[in-house]
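Everything below concerns the one structure shown next.
Order of writing sets the chain letters: A, B and C. Residues in each chain are counted from 1.
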Amino acid sequence: MMASRSPGLAPSVARFRWASSHTRRRLSHAQRWGISLLAALLVFAWVVPLFLDADPTRQDLMSTLAAPSLQHPLGTDHLGRSMLARVAAAIRLSLGLALLSVVTAALPGLLAGVTAGWRGGWCDRLLSTVADCVLALPGLLLVLMLAAIAPGNFWTLYIGIALVLWVEYFRVVRSATRILAQSPQVESSRLLGFGRWYIFRRHLWPELAPQVTTLAAFGAATSILAVSSLGFVSIGLKPPTAELGLMMTELFPYYQEAPWVLAQPVLALFFMVLSFHLLAGKEPQ
Amino acid sequence: MTNHWRNLAMAALGGALLFPINVHADDRVDVVAPWEINSLDPVQAGHVYGRMQIAETLVDTDLQGNLVPGLATDWQSSDDGLSWRFNVRPEVRFHDGSRMTAESVAQSLNRTLANPGVLSQADIDSIEADGDAIRIMLNAPYSALPALLTHYSTQILAPASYTEDGKVQELIATGPFRIVSLNTPQRLEAERFDEYWGEAPAITATSYLAAPRGETRALMAQSGDADIAFTLDAASQARLRMTPSVALHAEPIPRTVTVKLNAAREAFDSVEERRALSLAIDRQGIARGVMRVEDAAANQLMPAGMGAWHLEGLAAPEKNLEKARRLLESQGWTPGEDGILQQDGQPFSVTLTTFADRPELPVIATALQDQWRQLGIDVAVNVGNSSEIPSSHNDGSLDMGLLARNFGLVPDPLAIVRQDFGPQGGDWGAMNWSSDALNSAVGELISATDEGRKAALEKQTAEILHEQMPVIPVAWYVQTASVNARLGGFAIDPFERSYRLSDLHWEE
Amino acid sequence: MNRVISTLLLQRLVQAGLVAWVVGTLTFILTRALPGDMAFRIAAGRYGYEQVNAEAAAAVQAELGLDQSPLIAYFHWLSDLLSLDLGHSLVSGESVVSELAHQLGHSLDLALMAMLLALVIGVPVGILSGLRPNGWVDRLALVSAVALRSLPPFVIGLLLIMLFAVQLGWLPAAGHGGGSHLWLPAMALALGLAAVSARVTRHGMARVAGSPYYAFSRTRGLSEGQTLARHGLRNVAVPVIAYLSVQLVYLVEGVVVIESLFAWPGIGHALVHAVVARDVPMIQGTALVMGLLFVTLNTLVDLVSLYIDPRRRLS
């Protein structure tokens, strides 16, 4: 309901040109930064373990919370495990799970949003009612319940979080689609007999993409932080797995003794989210 | 609701002016501890009411765990041990001003008896008032009955506390402090009760706050928001030691981290296997790295200070992987290709169930997982709800459970030992394991009166538990508290029954 | 105008009824689907972990009649709901309504205060960034927003306690009861919220600032401040309010971490405990109240938007 005012035609026209050459579009300055940052994270997560012989679960209780050294370049955690190996493992896992969560939220949200906005009528009313009910249902409750049904499984946590987050996409996409569907371009394409897929690709997606991608960038952070919040109330713990959100929770008690250890998963998440934001480029309204 | 708006407005005002609001410059003793007040009913939340000295029991304990008179002045049992008489203290008033009578005591205890709890340990036939005393009739002798009557679930409340159907509607008890306001599940405020039967406390007002996070409690102690903060993690202790406005106290308590084993499992059905598991544990590492107390490494079930239950002269616990491997090999466990031990093609794969009510348990579980993996055992850790251990004990699905057991729940460990290691095992103790020798020793202890004989039997029982290892002891607990340096007279009760607030005084 | 409002209210009323039914039924199905022995769970919630054993579980089972058929239990719940009876907590034995009244009050205090602070911090930052898109304020604001959104709330809360309670001694570290206790937890929540509302404001502002009428107003000789007050704020307000209204609900429920760090007796905390202890009446009561709260808030936001943005009254 917040994006229901007409954004004017000018941007659509501009993007029309953009869309026709989108295959060989030049990346913006910010997006190049985003790519480099993400690439650096990926290299760190996948390449470092190849050169470093460290097991993210191997403990050494005699050297817990050790400062960075040659043997452990990022220090050790509260059980004496190599932080370098753990952060790398955690990025691999969390990145995958966050993407899973984002995709499971964005896809249904996008599909339902476009359908509701385009078709209107009872279809719109039905989907909007479902969305309102989901919003009204405490998200925490859904996640807690799913976590309780299959305890100790990360994917249920992330799916539960996705079940809550899809509504955001739905709302944004629906209101944008409603306006776009009545625009002259879509109208003329329809009259010219172009199929739905073509109209979606040509007119809707370029307009929706920046909004959806930014929601996704924030969504990735939201889902990882949600896991760490749940860990804080002792839900979803699954030792000895390294996962960014849970690492923050596990290392929190040592904030005073070893702040650099707590800072590592936080920084990893920061860079991850920042790279997504830069990649997403334009933010939604 | 109006109250909330006022609070909001006040906060906005306070914040807007960034006015230094000094909230703790009063004489009230503010206590912060991890445990929530989940009900008005002492059967459920009496631990808080007992510790805050709001409610009292017939029998009390001193700091060494000896039984001393509480609301009962003295007690005797008949020669056959089946009939007990507790003389009720005269001139005791409840917080509403009414007199405590033998009838009100009997009513309160009968209500406790109707609820699940430690009182069912003794096979009680009836509890009745008999003049100025109450008479408890047993179906079988139970020498530890006075110890059971120290438990918080047996706190005495006034008859006016109960509704007609026996629910607690108001907490009217006899302690030196009485409740002013109670907001379950987190906050309680109390004031001195002027008609208290005993010595009047020097402290005029107290408060209790349940703060689930250790970090919060430590920060509240450091900032002066809490005068007494219980259960501090090691990192916070180091910091608080540097803070001049607080004094740090630590005291070993009879609580032990143990691993409960399902002895019906192929992997745990022999003493050799259980010993091997025990030998693979790096207790010093867990004590130093996780509990952060050097003395926490447990070489047996009960810590020192538990009389004959603690075996003197045992060596410090050692980690010996070689010996552990040999023991397992003697039981037919040989390494498979993936390094995991096998027996008849079956891998040594088990699930360790634990819970996070005590935040160190999942961490210890993670440490054990790695240490047993070095032995070739594949352990999955399941961090769930505390009820999963007793419930999977009862349906037989438990492999192993990591838990913290309080042997001082009542001052005589016999009550817990009997509950945990009886012929049927116990929800929090042995599983599918029993020992005839232990059963006969415990059976004799339950009616023994001679102190020398009791000590011998206790030692014998402790030795069986140590040899047979139906549960594996891992670490002992040390209770910690940080106390405002201006408060005098503080001591930690190792049995965690009372915070001893009535002994405190403000120093000028 | 009046007709628009009355249709809106009627729609919302129907929605409220629907939400109540869906929320209740879904929680009912979900709680029945949860694994684990319910009697043991409830006993653990009641007596604490050390007292829970087969005996306690059996007593709970007998007292609560847990072996009742699910369908009968469901219709019991439904008819109780119609007579506005939410039942009693299985753990504390107190009535669900009185427990919720206490907790919801505290949660609302916290949420409203956090919202207020988020507006006070987020909106000015957003307007400054939006007036000069891609200027240094804008870039700094983006990086801070990302940073605040990457910090778990407990770390933000911790930093605030260390600064304001331990170092400066201005505010109490944790607990509740006095007005000053509200300040730090509200701030911890507000910072994360302000991060995003600043971005929403920024985009609204950038759009308004780039619009022809805004430029016209400037060329007419009005100062920047006057233009902003006359044309900017009102246009920016609508999306910000709409965004925050959704966030308010997240806040009410999403504060579990802050509640447990600051020992604040809120509804998130209550919900986690209820789910853990399988306290079905409490779960249903909490979910119901939160659902209805959402509908009420949405209605209020619609009314406020109608007031601010007259164009909407026509549609």
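Methods note: a contact is a pair of C-beta atoms (placed from the backbone, for glycine too) under 8 Å apart; a residue touches a chain by one contact, two chains touch by 3 or more.
A quick note: this is a predicted structure, and the numbers were derived from the prediction, not measured.
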{"item": "Of all other chains, the one whose Cα centre sits farthest from subunit A", "value": "B"}
{"item": "Pair of chains with maximal C-beta contact number", "value": "B-C"}
{"item": "Subunit B and subunit C, separation of their C-alpha mean positions in angstrom", "value": "37"}
{"item": "Centroid distance [mean C-alpha coordinates] between subunit B and subunit A, Å", "value": "44"}
{"item": "Gap in Å, rounded to a whole number, between the CA centres of subunit C and subunit A", "value": "21"}
{"item": "Overlap residues in subunit C, where contacts from two or more other chains coincide", "value": "36, 158, 260-261"}
{"item": "Where subunit A touches two or more other chains, by residue", "value": "151, 252, 255"}
{"item": "Touching two or more other chains - residues of subunit B", "value": "215, 355, 384"}
{"item": "Subunit C residues within the subunit A interface of the complex", "value": "15, 18-19, 22-23, 26-27, 30-31, 33-36, 142-143, 146-147, 149-155, 158, 196, 199-200, 203-204, 207, 238-239, 242-243, 246, 249-250, 253-254, 256-257, 260-261, 268, 271-272, 275, 283, 286-287, 290-292, 294-295, 298, 302, 305, 311"}
{"item": "Residues of subunit A touching subunit B in the complex", "value": "57-59, 61-62, 64, 78-80, 151-152, 234, 237-240, 250, 252-257"}
{"item": "Subunit C partner contacts - residues on subunit B that touch it in the complex", "value": "1, 3-4, 6-15, 18-24, 32, 35, 38-41, 43-44, 47, 115-118, 120, 153, 167, 183-187, 209-213, 215-216, 219-220, 222-225, 355, 357, 384-388, 390-391, 393-395, 405-406, 409, 419, 426-428"}
{"item": "Complex contacts: residues of subunit A adjacent to subunit C", "value": "1-3, 5, 129, 132-133, 135-141, 144-145, 148-149, 151, 168, 218, 221-222, 225, 228-229, 232-233, 235, 245, 248-249, 252, 255, 262, 266, 269-270, 272-274, 277, 283-285"}
{"item": "For the subunit C and subunit B complex, residues of the former touching the latter", "value": "36-37, 40-41, 43-59, 91-94, 99, 102, 105-106, 108-109, 112-113, 116, 158, 161-162, 165-166, 169-183, 186, 260-263, 265, 273, 276"}
